[in-house]
Amino acid sequence: MGQVHGANAARTPGLRLRYVVDPRPEAARAMAAATGADPASLEQALTDPDVGGVLVCSSTDQHLDNALQAVAAGKAVFCEKPIDLDLGKVLAAQPRFEGARFLLGFNRRHDPHFRALKRRVDAGAVGALESLHIVNHDPAAPPPHFIPTSGGLFKDFTIHDLDMARWLLGEEPAEVFATASCLVDPEIGRLGDVDTARTVLRTASGRLCVISNTRRSGYGYDQRIEAFGSAGMIAAGNVSRDTVQVLGESGATAAPIARDFPERYAESYRAQIAHFAEVAHGRATPASGYADGVAALALAEACQRSMREGRTISLQETR
Amino acid sequence: MGQVHGANAARTPGLRLRYVVDPRPEAARAMAAATGADPASLEQALTDPDVGGVLVCSSTDQHLDNALQAVAAGKAVFCEKPIDLDLGKVLAAQPRFEGARFLLGFNRRHDPHFRALKRRVDAGAVGALESLHIVNHDPAAPPPHFIPTSGGLFKDFTIHDLDMARWLLGEEPAEVFATASCLVDPEIGRLGDVDTARTVLRTASGRLCVISNTRRSGYGYDQRIEAFGSAGMIAAGNVSRDTVQVLGESGATAAPIARDFPERYAESYRAQIAHFAEVAHGRATPASGYADGVAALALAEACQRSMREGRTISLQETR
Amino acid sequence: MGQVHGANAARTPGLRLRYVVDPRPEAARAMAAATGADPASLEQALTDPDVGGVLVCSSTDQHLDNALQAVAAGKAVFCEKPIDLDLGKVLAAQPRFEGARFLLGFNRRHDPHFRALKRRVDAGAVGALESLHIVNHDPAAPPPHFIPTSGGLFKDFTIHDLDMARWLLGEEPAEVFATASCLVDPEIGRLGDVDTARTVLRTASGRLCVISNTRRSGYGYDQRIEAFGSAGMIAAGNVSRDTVQVLGESGATAAPIARDFPERYAESYRAQIAHFAEVAHGRATPASGYADGVAALALAEACQRSMREGRTISLQETR
Amino acid sequence: MGQVHGANAARTPGLRLRYVVDPRPEAARAMAAATGADPASLEQALTDPDVGGVLVCSSTDQHLDNALQAVAAGKAVFCEKPIDLDLGKVLAAQPRFEGARFLLGFNRRHDPHFRALKRRVDAGAVGALESLHIVNHDPAAPPPHFIPTSGGLFKDFTIHDLDMARWLLGEEPAEVFATASCLVDPEIGRLGDVDTARTVLRTASGRLCVISNTRRSGYGYDQRIEAFGSAGMIAAGNVSRDTVQVLGESGATAAPIARDFPERYAESYRAQIAHFAEVAHGRATPASGYADGVAALALAEACQRSMREGRTISLQETR
């Protein structure tokens, strides 16, 4: 993700990419060269008074430490999700982020299609919101070696949808139910994870949200949201690779949907960094902050527990 | 068409199919048995005072004679299009249809999709109407032996679109241009006809209409209309055989469009006969009458002449 | 439903509607007149040796008794769903239906869109089937007085989806989870029922199925199925009222989806009765039999229990 | 267009924008500052041996002179269309472009949707190509003062479609018919131009192409191509602003189509400049050259003449 965010930062008006910090010197030099930045150590970067903000795109287990150092140095921080896989650690560090300009990398909040959907839901296009259906299907399963440090399907993957649910519902989920299978790759199962899941959230007022996840769709990167309300429904559909359609005797064929997240969410990543420029310059409140990371992680833990125990988990139980 | 209309008449509330007149006794008996009617001669049917209306579905060269006899007998008449292939004959007979309850079989005026389009155009959904695009592509070319008595592409096939154009434009075409090729079946060309054509109509006020025709689409029965106005456009699209869509790695596939006119226009044929019931009972004015047949035929002749002469034909020239 | 099925029977080749049995003499006479049948008592109808089959469309609490009598009289039986709301009674009566020609009214198995979907799933269009998403949203809530005798949302409404799930999954659900709210009409809640639900089924091999239900969509009768497999997905979408689309400055507008079940499923009801003709004549095995009614009802009971207890219910627990 | 092409050149790998030549010093300085280039005179730029190529984006009446100077200086040339409005001048200058690396700005040849369509047509997706339908509707009419120097609808606007037709047909049009009206803005008519046109092209082998043009659609920038062949049809549809759809009681609403050419064709402009980089470096043959400009202009003149004379114009007549 550092490649994506760095390149976007280098092109964003109002931002200048000054340093590239990477423990692998070669990688640091290559990226620095490509973006007009300098390779540097984290200390160098954080002590440079001209540096206003930091993009934390390290490995997941470094996110929290890096972010803490940057915040301590008074920098605005963009941090890739998740903050950390350990909810206890994340909760313990929370006080130190108070008042910080901290943007968490829930990029889907910046996707133009989902933003258009939210704008219309908030404007009452479907009346009172009653339920959501979120589809998040990855095109192809990750290599097995990725699984052990991933945090598992719910913390690594579903967490995006849990954040979307919170963002759209306008009310915190009060109960969680999740069930899952290992249908895609038995190796994932041997490593203790699942690859196909359905999650149901319920808010105190009774709003419902279903999340559909699989690690391998077989047809591209399926990213859809449907919202149902008292006066109708609204849906954000998939993005096709082109608009071409062929009609023949046996039917109509059209282009596949977007291949993967770099293709589908390119615009959201650009918009996210442009938003971070605004946050760093003090002109905008972060679209998603530390507390959003805590809440999504707590929901992901509740999903894991629900799956294990075969019952609804109340969010109070996890706090 | 007699089979279709007869079966519909037998099922239409307010109509009873009393007689089947067919020069082939076997065919008459079979259809009579299927619909609860009796085989009869035309004379018998026309002299029965209980008969209120007649469906003329004979061969094209009999339409005008049959219709004239039925009108003379005081019956309401439904007549398949075209009235006749010879504009002179049709014009000569016109006075004898004055005051008659005469419904011409331009079934597309009864199609629910095209009716919905017209209703919205007339309600101003696209502002002031400026132009039309009509697509009428047959799935597969007729057998060559059909060509010599067909009247040619324009009188046999385009005539439906010429009627649609008149119906929707709200103004008579003043000029016609047509060009055509023989691309589908060289045998059609050897018989002096064409199989692929484009026609452009222009009204006195400058409204434009393009008609796209082919005898063989290779993908089903393509029936579409687009109307463009000062405030937008409206389109009636094709009807798919089902709503199923498959997404795979190489794209999306959907069902073919309707196969042919019996499938695509089944509902229009039912609605047309139901309308005839209203006409026969004196409760409705025919949706398309003798004058509409004359006008469409004159346009078809103008198309033929334009194609031959490579120039715009003014409708005054044809009258 | 008697009106719908009776009218279809009267029009189905190979069937003749002989008697109409209705405790309300006026209703019996009216329908008999409209279909060419005679009003009769149940006894009369069942003792007539010319009667080969019976359509049971009485009130739900009469279904089982009527069906039992008809089976005892040696007739083929079509029975509206559900067989009964009481699983115990249904199980107790099951032995008496052994060997009977008994077709249960799960009409969606006859819907051409869902049949096309199933045919392609079975043909391997999406590889190995892994999960389903079934949307069944009613356009508008029933009047409150209907609720007390309805059996509740799961037995009255979800039961159709439970049958679709069984039909498509090719494997029995082993576990059920359901959660629900009363968001549409508080009166439904006061009567002890719910109006908005999400159900998750899981088979022994790990296949998952989500069912989405609401009593009031606000946008028509939303009937969709998505099936996900190892090689892609397949979806049966909604049927629109027409194909007309308007494009203007503020966007595109299209026709609403089908209004309600009589409109959306008209073709399935016709096909169901045509299938019953085949069953009655001994030329086809029922597409859905008594055991399918038992299984769907057991699943609906499991849904109710899961909702009450906030946990996954194993199907063994309900048997 | 200079703004668009200059910004793209500044971002294209393999290109560096060295000079900005603009008779308005302020404009030159502003753009130079934004792109890291220097303001310069044309002479300076053309005599700099480090300059490998020139983007000619001046006013239409300067295109030919500028391009000639750049070619004479041995530079690769990208030239905005049209080369000139006067076919005689363009033909007279043609010999001086022989051997030049000259890319004409028919950007639609670089649009990914139209490229996908052409790729599939060329691969035989619709069998033998028989006819085309090209829709090119501008969102809103230009200000009247633009009309007198525009060259008129056919040379200014239809010319893009004439190039698309040549590109896709794989065969030169042999005959042209055009008819047009002034329906959008009477001021356009007073200035001697038209704003709504239909053009029909016919090749020697009988292939047909219809072009639909209007200066004001009222619903965005309608850019579609349909190609019909012996085995089916292929269509490139409009691009919507987002994928969101709302379903309510009165129907479905979706986002508008792309607003205008900067939005719809942004990707084609980028790809065109990237292609020019390849041309300038001698690694690619221009996708459209001087001869394409000549051919499209000759067709546009034939359109004008056909419209005036109300008849088919053979392309031989114009050469």
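Per-chain residue numbering starts at 1, and chain names A, B, C and D are given in the order in which the chains are listed.
Methods note: a residue touches a chain if its C-beta (ideal position, glycine included) is under 8 Å from a C-beta of that chain, and two chains touch if they have at least 3 such contacts.
The structure displayed is predicted, hence computed values, not measured ones.
In terms of C-beta pairs in contact, B-D outnumbers the other of B-D and A-D. Chain A and chain D have CA centres that are 41 Å apart. Counting only residues that touch two or more partner chains, chain A has 126, 218-219, 222, 231-233, 247-249, 255. Viewed as a contact network, the protein chains are fully connected, with every chain touching every other.
Within the complex formed with chain A, the residues of chain C that make contact are 126-128, 130-131, 133, 137, 175, 177, 179, 181-184, 196-198, 200, 202, 206-208, 210, 212, 214, 216-219, 222, 228-233, 310-312. Residues 112-113, 116-117, 120, 125-126, 231-239, 242-249, 255 of chain C touch chain B in their complex. Interface of chain D with chain C (complex): residues 218-220, 222, 240, 247-257.
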